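In the two assemblies presented below, chain A is common to both, partnered first by chain B and then by chain C.
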Partner chain A sequence: MSTPLAKVTIDGKELEVPAGTNLIEAAKKAGSAIPHYCYHEKLSIAGNCRICLVDIEKTPKLSIACNTKVTDGMVVHTNNQKVLEARQSVLEFILVNHPIDCPVCDQAGECKLQDYYMKHDLKASRMKEEKVHKDKAIALGPNVMLDQERCILCSRCIRFCKEIAEEDQLCFSERGNHNELTVYPGKKLDNPYAMNTIDICPVGALTSKDFRFKQRVWFLKEVDSVCPGCATGCNIKISHNKGVAYRLLPRQNEAVNETWMCDGGRFTFKPTNAENRLRHPMVRSEGALKVVRQEKAIEDIAKVLAAVPVSSILGIASAQFTNESNFAFWKFLKEVGVTDFYYQALEVSNPSQDDYLIHPDKNPNRAGVEALGLKALVEDKRYQLIFILGDLPSARLQKILLDRQRTVVVFSSHEGEGVELADIVLPVPTWVEENGTFTNKQKRVQRILPAFSAPAENKSVWEWTSLLAKACKKEKPVYQQINEVMADLSETIPDFKGVNPDKVGNQGFVLMS
Partner chain B sequence: MKFEWTKENKKEIEDILTRYPTKKAALLPILHVAQEEFGWISPEVMEMVAQELDISPAHVYGVVTFYTMYNRKPVGKYHLQVCRTLSCAMMGSDRITSYIKKKLNINIGETTSDNRFTLNEVECLASCGTAPAMTINEKYFENLTEAELDKILESLE
Partner chain C sequence: MRPGVYEVEMGIPMRKFINETCGGLKAGKILKAVVPGGSSMPVLTAQEVEEVNLDYEAIASKGSLLGSGGMIVIDEDTCMVWALENLARFYSHESCGQCSPCREGTGWAYKVLKRMVHFDCTAEDIELVLDIGKKMAGKTICVLADSLAMPIASYIGKFRAEFESHVRKDCVRCQKRMEASH
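After this line comes the complex of A and B, so read on.
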């Protein structure tokens, strides 16, 4: 049964929308943006900010658009003189006690109060009285800071905690001029989705403890990606500037994360900026890993490949790497005759989980490597030559490695346990710098785009394997760009049939099987 | 002091709950039950009420701080609430307040050291015809003068 349509005229434009649509959404469709603070499409209607007042013909007074449902024949004006004057007055009221400290406010540049003031009010304050002063720089919880003076009391954060995070931790206390946002005395805003309140705060009241004071938002560039924190694969944007990632923000995908992400996911970019990044290829000599020219590393790998019987070579793919990295890795080894493959995954004891976005599998691409036909690593045989994507704990590696005359080739982004037993190390980008796709728990193939290039001599796995293929005198797999890897993946692996960059787009593409 | 519902409180709460469509809706009267029992609404009591009604302590806190008639500090045996709204103000409520302050040696919002008297200013007591007015606990005292106050305070045990 389809919803009946209602004919409505908004600013002279006639359109049909499902009956029951609220006026803010209907006006969006008509191309009229109605300003709003307290209204949020994913939250219940509060109707307290009053900035969305519109003029509906045959009603005596202005009505708030957020809480007015479209009815058939309704004629609405969102921009006439009456509405503009009301908007200006509402802004004047909201600004009565606002500190207007934009020069030191982190929200400046992405603040609705600033935006609407510039567009609709733009006049000096008539207030002669001292403003009401409230507390500033309050740590509401581990990740969220509150400035009570900047708060315009829209209650979005309160409703978010109650309705989405389902932990009713925030409230308004006191009343009138002294009305202020707070947590229950002695408690914290510490639910796993708390940082979404920062995103939906229309002003600079709630800011991120991690991000604040790091960058002016107008310097930041944004690129679409996918959170690698777990198998859910929340769609995100990476904010970055000059080769440094500064924050992750959720990006709308109704089929995956709606408009939210968890707090844990927000910090997954941190290792990219870390000090212990690998920058150059390394080969072990006299017991220690030493930086070498990349030709030397490639040559050494080709030599050992030629010397070791293929039955004693193992390839270990990774549920932490993209579909394209895993595919190129697998395809190269297959071309040189390797038949034994496994994949490794990040194993976490007592993983965080819930029935919403937080999945206990902390790998972004387990479904992807399984779609390639790979099985999880079993330590049942010892090998002379092992190729590994990512960081395999030494204890596990010891169990599958011959005692002598053995070689371990690791593709990794960081120094640490993963390269302890490595003989040859090839540096690879982190997910922030990578171009490719992850397959989430719904088998949805989702695109990640690089925010910036990886440092120094880092190369994607498919670039390394292309060089290796050439060194081993193989015609395949040699790729010039990521789209070629994707096309080959889609042609070679039945599960990935039909996957291409257009289909994946920015909302993903669900694998058939 | 330990805050615990008495048997009578529990019965009263049960009774109140039958009169409201949801548990949450019964918050105001149940806070009054608590205030009558304990004299004030302590943080422990807010959490007790929240638990009783299956709502968050944050919600209870928002409500308690919104309404001025819930005491957020312990009050003395006699709670003097002097009206300061227009009619009473015109009839000299500030003199009444100052007189009490001096006589009991406390400020607004404070309690005497013997825990007998607490003084507060409140908004309209709806007794404009007999201004200035105040309440002591539940009882009204009207047409106040300084001499009248002396008599009233002396009459209290």
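After this line comes the complex of A and C, so read on.
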């Protein structure tokens, strides 16, 4: 049975919405944006900020839109004089004791207090008294800082902890205009989803310990991506400026992460900015890896490929790399006759996990490499020539290498154990700089877009394999751009049938099988 | 003279109730005002008190309510600015703080009134307090904001001259009280 519809008139516009829809959502559909602070679509109703007051005909007083459910025949005004005056006065009240530290506040530029003031108030302050002072720069937990003076007491953060993170850690204490946000005695704001409170805090009361004071938000650009922290693949945005990533924010995808992400995932961009990035191709000579021209690295690989029997060549793909990187890697080696493939994955002992977002498999693309038909690495044979995506722990690598006359080719973004044992190293982008897709645990193929380009001579795996294919006199696989790799993947691998950039879009596309 | 709890039949004249049942004001004092139904109810002037009986309709006709029946009788020695400040202090302290208009409005009104009591005010502050009351009334989850808004509107509405005397800094009652407390 579908929900009955209710006919409602909002600002003169008649529309039908499911009965029981609240007025904020109904008005959104009617094209009227009702300002709100305490209301959040994922949380219970608090009705405390009072900025969403609207005028409902046949109701003597103004009503709060967030806590009013549409009934049939309701006539609502969200912008008449009465409402505008109420809105302005609520804003004035909220600002009475607000410190207005905008010049030093991280929220400035994405602050609902600033935004609504510009839109609905714009009056000079009439407050001549000393404001109520409260504490500033309180560490509520490992990742979140609180400025009690900036808090407008909307209780979103409190409700988030209780209702979404299911760990009741925050509360209000004191009364009247001394009311303040705090943690319960003896508790910390340390639940694994705590940083979402920063995002839903409408003002600069909650800020990220990591991001604080690093950038003014109006300098930041954003690109859509997917968190590589685990097999859930939370949809995110990367905020970046001038080739540096500054923070990750969750992006709505109701089928994956709704509007949240975990705190662990927030830091997955850090390696991109790290010191130990690889920048140039390297080849081992006289015992040490030396930077070489890219042509030299390609030539050397082509030479050793020609010299080693294919039965002694192994390709190790990676559950940390995109579908496109793995596919191009596999397809190139297949073209030169290689038959032995495995994939490696990040293995973590005692991985964090819960029954919400945090998945124990800390790889963003295991489902993707498995859809390519690859199996997890088993150390059952030794090879003379090994190609590896990513950094493989040296203990594992030693078990599959012949003792002598061996060559290891590594595609990696960073220095590491596997790179130390490598003979030829090709630098590749990190996920922040990469364009492609990951397949999450639901077999949902999701797009990651590059925030900026990778440093120096770093190239995507498919670019390196295109150069290698040419050097090996192969016509395939040679690609000019990522869409060609995606198209080839979708044509070649039955599981990926139908996958294309449009279908994947920004919400992903679930594989058939 | 005899504060207490009384049960009387509806409809007796208010003045009679005060003078006879409750024993009247202190000797020689003149009645200034009565809050008929609890501290949050609009105040009545002495003139209005003369005209009303103790029933719902009569009191409503003067713009107030019988409310809880808690009656406050105010004589000429009490300054209405000081009385209102006292109420504002109470209500701002009582505000639980959950809704913005009440949390901020009661506290703000109290601060301005406190300044007014101490003669640190201008004519604009009278309008400001009125406006704060008007703007928080009817906009909150519970009626605590209205409980201060109603006295604000009626105290200033009916005793504006006393507020103006604070602007002029010539309220003798408050001058004396302050001297005494120093």
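Here is the rule we go by: the second predicted complex is superposed on the first by the 512 of 513 C-alpha atoms of A that agree within 3 Å, B and C clash if a C-alpha of one lies under 4 Å from a C-alpha of the other, contacts with A are read in each partner's own complex, and residues count from 1 in each chain.
The rule is simple: a contact is a pair of C-beta atoms (placed from the backbone, for glycine too) under 8 Å apart; a residue touches a chain by one contact, two chains touch by 3 or more.
Quick caveat: nothing in here was measured; it's all calculated off a predicted structure.
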* To do: Mind working out whether A:Arg404 is in touch with chain B, chain C, both or neither, as first, second, both or neither?
  => neither
* Asked: With the two structures laid over each other on chain A, which partner does A:Ile94 touch: chain B (first), chain C (second), both, or neither?
  -> second
* Thinking of the overlay built on chain A, is A:Lys473 touched by chain B (first), by chain C (second), by both, or by neither? -> neither
* Could you look at A:Arg175 and tell me whether it touches chain B, chain C, both or neither (first, second, both, neither)? => both
* **Which superposed partner A:Tyr184 touches (first chain B, second chain C, both, neither)** => first
* Using the superposition on chain A described above, determine whether A:Gly47 touches chain B (first), chain C (second), both, or neither. => second
* Determine, under the contact definition given at the top, whether A:Val132 touches first (chain B), second (chain C), both, or neither. => second
* Return the chain, chain B or chain C, that is in touch with more residues of chain A. => C
* Which chain A residues contact chain B in one complex and chain C in the other? -> 172, 174-175
* For chain C, which residues count as touching chain A in their complex? -> 92-101, 103-108, 111-112, 115, 128, 135-136, 138-141
* **Sites on chain A touched by chain B in the complex** => 162, 167-175, 182-187
* Quick one: which bits of chain B touch chain A in the complex? Just the residue numbers, please. => 43, 46, 55-59, 61-62, 65-66
* Touching residues on chain A, where the partner in the complex is chain C -> 46-51, 53, 61-62, 85-86, 89-90, 92-94, 96-97, 126-130, 132, 152-153, 155, 172, 174-179
